[in-house]
């Protein structure tokens, strides 16, 4: 199956692609893991304010190792910097920002996304494993738009976009847009609509790699990204 | 009736008397009106932190008129000062302090207090009059100890300490101690116990001026205060 | 680029329409956004619901808004005071609806709106007439009242310092309702005494993060409400 | 006189007994009160319930407390991480109960405890396994979950600056859970890097008012948790 896997965007290209959809002036949370990469490709000239669950608005780029400060870390516990205009606040205030729907966009990883926008990204439900949810459930219900950043299929080739999530849910009907290595798919009113598709696949192939029926935007465009 | 009114403590003497019962280190809210006078008699040598509902801990004395700052006022909208060690915070934080039971004592005025500790101090229930409650209901349920500062009787001579409040309640079973011009009365388990009594009255007279049965502390003491 | 500054105060309130719910900061004379309220009077919106701790004093600011007949309903904790004649006469004449809310509950309901909390149980007012008609529930042996969020269409707030991202700091006890109201409105409009460059408010001392602010107008020398009331000023 | 300073760190935790619920501040390595936790290990209390965002890293601080077998139950949002071996082995061996709480709900439940809120409705976790067994309620067409306060017997908090009244300021993102946990415990114990005279923290920049703090101990040069973990330090 792996051999037959179509070559879509690399992970960094996918991060670049998502970054293009973040408008000037947006307040954004980039989830732990892959989504943090999006921060590396925010288009020059846009002022975008990054939120971190642990109590920061206005995060800047990663510092040089010698400038890292262990009291200035992001939600993934990596050192960050502050931009001029940054603000620091406590945990209740930070999640008041999230739950109170003040964020324009959050970008989250996914184990599975269902056609109705259900998201599963915090637990595989494996018995005995240490669970950890962090701020994922708050972000899922809190941001105005929830972008999912994910490989289109698992390493084993199984669809991650499904009719119904088999993993425990993070939130119900929360996902706005799914960005994968193969496609950009909007979730609206319980239906999936492909807005962009990688040149490595055609409609039939993409549908074959997807566990729920796909619709197609009238102006379906190629999913491309520069080498990054 | 007024002619027969026994001469107990003056209002300032009553404020002085209450101040003696506020221990070193206490966090205290002095309600709008009469209770503010208590602040003038806090015993020297005690550090007592005064809270104001509008967002202050560590209020100092009233400033000279020329030093008054309209952005530094107390809950009664009178100019105040800040002691070294003061802190300023927003309204939600201020009432988190109150509701969260962090204050040791609040001193409130009263229209009526019932033998079970019910307090009525915000409305006479007169139809058509503009009502105003402010922070009274929060303070009544929030402070560890609620001291009431009141004349023993109304101007018309009616008891303010009653079997059951006829005025709308501020809080139920909240009053700890009643300080009047004639007596200091503890409210415990739904019963009134006179701890101190003014020399101008005897037990029978005091009971006659009170609308609920009084008990007497074994060590009943005279209620006295210096001329202040 | 994020630049929440607007050129003048009229522009700042230009889209406040009839029927809007407007949260107005301040406690007594501390923190009242008087210039913004006067701009709202000039703007002409009617049938407003206003949320403020008090009911306005003298004949300026909130009292003037009421006196001009623009307010249909007020939500406040303490509309009484010696110079609250305007509120009293409108209320007694039945020209103003009033929802009376304990001060701490008012603050917490605004905070709930801003924090995405659907409702909360408070012991304040349990067993009183202000809990009538509300759901009550015993929790750990204590009676509680269910209270719901208060959301605003707009908030009018006075701050001391602002930057173009909308970060705010407040002066002394003028902070009061500002931080919670900023979070609770769809559009938060701030008059600030001083505008500073980004970073001019150290990140650890920002009180309201800019995410909660939509428009900033600089009013370098705001009127003293106390002096104006003493002088007997009227607006307009 | 109000003087919340205690002479040494052992005295600061001397009355934390078996079975206590201890709120421990910090998010990852930022804000962890590592010296206070080590004093708690020395103190010997067992059967503790610990509330912390994470589950401890390496073999110091919270991880050491777990490794010494002192913790019966943990309440946290994210106990997983690459160097959380201690937590994992205790959890997988069934030697540690875990209550997993979404991070924002954890913060809000602590705040509710400090603010005297009996319970609140949050949309977070509605329809997920973390809402199972909890009361659900639709408010304005959105499903909400009823969440109850989390109270502590003690809180262990790290701050940057403190005065003898207990007023606190925090450094950078080490603030995180400190302010809410300070309000939520019966006894709040703070290790501060610097003690300043009263007034040394300007009133407008106090983050935790002293009313929420009971004991202050100065730890001028707290260990770097990151460095200690990299070195493989163990405690005791």
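To keep things simple, chains are lettered A, B, C and D as they appear, and every chain counts its residues starting from 1.
As a working rule, contacts are C-beta pairs under 8 Å (C-beta built on N, C-alpha and C of every residue); 3 or more make two chains touch, one makes a residue touch a chain.
This is a predicted model, so every value here is computed, not measured.
If you take chain B and chain D together, the chains in touch with both are C.
Common neighbours of chain B and chain C under the contact definition above: D.
Of all the chains, the one whose CA centre sits at the greatest distance from that of chain A is B. Comparing chain pairs A-C and A-D, the larger number of C-beta contacts belongs to A-D.
In whole angstrom, the spacing between the mean C-alpha positions of chain A and chain B is 57. With centres defined as mean CA coordinates, chain D is found 34 Å away from chain C. Mean C-alpha positions place chain A and chain D at a centre distance of 30 Å. In chain C, the positions touching at least two other chains are 108, 111, 115-117, 122-123, 171-172, 175, 203-204, 207.
Across the assembly, chain B contributes residues 88-89, 92, 95, 98-99, 142 that each touch 2 or more other chains. If you check each pair of chains against the touch rule, the ones that pass are A-C, A-D, B-C, B-D, C-D. Taken together, the chain C residues at the contact with chain B in this complex read 27-31, 53, 55, 77-81, 84, 87-88, 91-92, 98, 100-108, 110-111, 122-130, 143, 171-180, 207, 224-226. Taken together, the chain C residues at the contact with chain D in this complex read 108, 112, 115-123, 137, 139-140, 142, 144, 148, 169-172, 175, 203-205, 207. Taken in their complex, chain B has these residues touching chain D: 24-25, 27, 47, 49, 51, 57-58, 82-89, 92-93, 95-103, 142.
By the touch criterion stated above, chain B contacts chain C in their complex at residues 52-56, 69-73, 77, 88-92, 94-95, 98-99, 123, 128, 130-138, 141-142, 168-172.
Listed in rising order, the residues of chain C touching chain A in the complex are 1-2, 111, 113-117, 163-165, 167, 183, 197-199, 203-204, 206, 209-212.
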